[in-house]
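Questions regarding the structure given below will be posed in turn.
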Amino acid sequence: MSKPILSIENLYKNYGATEVLKDINVAIQPGDFLVLVGPSGCGKSTLLNCIAGLEEVTAGAINIGARNMVGVPPKDRDIAMVFQSYALYPTMTVGKNITFGMKVRKVDAEVQARKLAEVSKLLQIEPLLNRKPGQLSGGQRQRVAMGRALVRDPQLFLFDEPLSNLDAKLRVEMRTEIKQLHTNLNASIVYVTHDQIEAMTLATQIVVMKDGIVQQIGTPAEIYNTPANMFVADFMGSPSMNLIPAQVESSDNGMQVHLERGSGERLTLRDTGTLQELGSAREVLIGLRPENITNPNGDAAQIAHCHVDVVEPAGSDTFISTKLGGKSITARMRADTKVTAGEGIDLAFDLSKASYFDPASGARLN
Amino acid sequence: MTDTSTQRTGDFKNALLRAGLYAMLILFALYYLMPLFVMLVTSLKSLDEIRTGSLLGLPRDVDFSAWGKAWSGACTGVQCEGLRPYFWNSVLIAVPAVLISTFLGAMNGYVISQWHFKGSNMIFALLLFGCFIPFQVILLPMAIMLGKMKIAGTISGLIFVHVIYGLGFTTLFFRNYYITIPVELVKAAKVDGAGFFRIFWSIFVPLSAPIVVVTVIWQFTQIWNDFLFGVSFSQAGTQPITVALNNIVNSTTGVKEYNVDMAAAIIAALPTLLVYVVAGKYFIRGLTAGSVKG
Amino acid sequence: MEWLQRHMPKMVLAPSFFAVLLFVYGFIAWTAYVSFTRSRLLPKYEIEGVIQYERLFESPRWEVAITNLAIFGILFIGIAMILGLLLAILLDQKIRTEGALRTIYLYPMALSFIVTGTAWKWILNPGLGIEAVVKDMGWESFEFDWLTDPDMAIYTVVIAGVWQSSGFVMALFLAGLRSVDEEIIRAAMVDGVSTARIYRSIIIPSMAPIFMSALIVLSHLAIKSFDLVIALTGGGPGYATDLPATYMYAMAFSRGDLGQAASSATVMMMVVVAIIVPYLYSELRTRRD
């Protein structure tokens, strides 16, 4: 196993009496793209700033390239950072923005010029070198900010919500560019975002955070398919996972899942896959993604006739809302499904990818 | 038929209101300009004409002699050298005091807005409050202190006083200006390896032109126009122009030479008036800085 | 070296901090301390109780000063605010020469109070000033000798003060008038509300913070008024136009009564504190949001 390029051990950070980061443990290998994701205030930006050395830690270690960096100022950590607002120096030209760091470190003028040329060619910003940031568009500024980071050739790249200030279309374009950069340079990246789609598409490893605590670390597939608790299940994936109150009891051929359907009726589904260690009859929350509730296609999936509340055609799919277990759930149907609100429709439930959660603690049970 | 006539009366009423508006505005303009006009006109008359003529009347024969006397011959107590030496005193006091207090204010504003540390806001509050104190409350101890520092009654002493008591305002101006600069800029510079002074010099100073102008104009106006510090902490040779002016006008010896008084007042007012006319926009910005919310 | 870099911000701020600590707060404490002693020509440092304050409030001259401050303060602030608001509203009516007019209304603030006092002293000169002009115009019996009339002299200070400072109030209010959200005004116009009513019910109420700012600044100017009085009336006739500031100065530098000087200065300080501190407190709190 090669040495991790970044390893965070038992990190704590307090602001006065408030604990902002609690016992963070994360490690990534060189070439990894680590995304820190979570709602506002979860501590992801604070964690990034700690890695950068822009904030002090209260306890714990941050190792970059096997050196413990706690107490080391940002300029000595061999890192580069791209900020949400790009933070370009407004009175300097693009060229000077990119070479400022090298100038401060007294790098040879020739080397500066060469690196500037390399980076501006890579990012296609050569025609912009003599302009000032105020004269650039959002996407151009973003590239210049990345150029400033690239020219450092650091061990670790840090991105703090770099796409949040861009409009939707530009965001998608830049996302692809960042992903390409990662592949081409095999760079080690730590990336903060609140957008879980960005997290899913860019990351090789995701850290989901809430209130300063790590909820789960894993690959996008792991996070998506086997969320560690209800928060992760609900936060990741769009539209979010349906979390339906249910009762389970074991039976001879697998587990029985009972869901309330209003008017006293119960819908009973069978889960043959899940281990029976869930125990005898208990209350759970069953997590089913919308794509696991869909049009019947003749498979052994279980079918129920449901009353349609809302129909949302989204182009490539059609989403249907119905009520189950006292909650509004979303099903993802084929785009050509013909149905209107108020009607009934057959929905097939695929429990093979179901997640079960304990209603009290929110923790995953399977 | 009636439609067009009501339209015309409507237009007429509007025009009348408009005319009334402009009339009022011009009336007020005259109210503000009148004293300046009177000063100018009086300074160009001979004493005889002043006594026999009207306050608002133009001079019959334009006479510049009052100006010459005001500049180099009027009596400010025992000496009769006119305003000239005191004009230069004010320059010697104002220029260094403005430069020093502006520079210090810039550094302080930079620290307070971008380099928070525990207590930095408290320090800002203390500085800010210092702007509002009535200076009467520090006159006595300052007089004693200046004596102990051996700069009592000197130009340096006055410069010192103006710098100390100008710090509050200059810090306020720069802090309010620098606080609009995003924190991420300093973060990026830190990652780039720049330190405290490097960041100030390479990033903040190039951005500071507008606020420097406002601060300099404000400070210059305050210091040039000051009287209290001037009259409390100077002696015969080191008095600023405001003190000299007051001495000329209120001197108890001899005949009251109103034309000289007026000429002297205009001379004393010229520097700040000129600054105002040339850069008034920035002056107003300085006045309203911090007063208007949002 | 690293230690230096880390603590540089504190070290840069430190000189100003200590300077203000000593020269503002230390001095205030000194003055307050002396106000409790029997200091005359030179400061004494034995506390003698509140005798200076007793003397102060029994002094007829101080009573005149305080009364004058009240009269001057209320009139000065009131008239300047009204005039400033009026001018701001007038100027807000899309006037073509707005820039020039603004410059004219505001230039008096660029002048020293000494210059203003000198000019108005001449204008209000009984015999040669306004009185003479009006007399010449035909009103033979017109008298305007307020400047030398002990009962009326304080009002001349109001006249000169308002002339100097109303432009500033106008500038503040004009900025405030213009900062009202355009959309709210448009909505009112669509609703058929008249211009006057828009001013009365929408714009002026939303300017409450500006009123506060103007009030604070004018109060501050009023309490500190020293230069203007010295130039205009010298505090006279007699001490009819004395204000706390001139009283303090007289006690400190001509009468050699440091105890009185200190106590009057401390009283001035207390008045300012009572006004400024609540205002600053609320300002700093909202800013930090």
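Order as written gives the chain letters A, B and C; numbering starts at 1 within each chain.
Quick note on the criterion: contacts are C-beta pairs under 8 Å (C-beta built on N, C-alpha and C of every residue); 3 or more make two chains touch, one makes a residue touch a chain.
The structure presented is a predicted model; accordingly, all values stated were derived computationally and were not measured.
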Centroid-based (C-alpha) most distant chain relative to subunit B: A
Pair of chains joined by more contacts [C-beta pairs], A-B or B-C: B-C
Computed distance of Cα centres, subunit C from subunit A, in Å: 59
Interchain centroid distance [CA atoms averaged], subunit B/subunit C, Å: 15
Chain centre separation (subunit A, subunit B; CA means) in Å: 57
For subunit A, residues contacting two or more additional chains: 73
Subunit C: positions in contact with at least two other chains: 5
Contact footprint of subunit A on subunit B as seen in their complex: 182, 184-185, 187-194, 198, 202-203, 206-207
Residues of subunit B that touch subunit C when the two form their complex: 21-22, 24-25, 28-29, 31-36, 38-39, 42, 50-51, 54-56, 104, 107-108, 110-112, 115, 117, 120-121, 123, 125-130, 132-142, 144-145, 164-165, 167-168, 171, 195-197, 221, 224-228, 231-232, 242, 245-246, 249-250, 258, 261-262, 264-265, 268-269, 272-273, 275-277, 280, 283-284, 287-288, 291-294
List of subunit C residues in touch with subunit B within their complex: 5, 8-10, 12-13, 15-17, 19-21, 23-28, 30-31, 34, 43, 87, 90-91, 93, 95, 101-116, 118-123, 128-130, 132-133, 136, 163, 167-168, 171-172, 175-176, 179, 209-210, 213-214, 217, 220, 223-224, 226-227, 230-231, 234, 244-245, 248-249, 252-253, 258, 261-262, 264-266, 268-269, 272, 276-277, 280, 284, 286, 288
Subunit B-facing residues of subunit A, complex: 49, 52, 54, 73-75, 79-81, 83-85, 87-92, 100-101, 104-105, 148
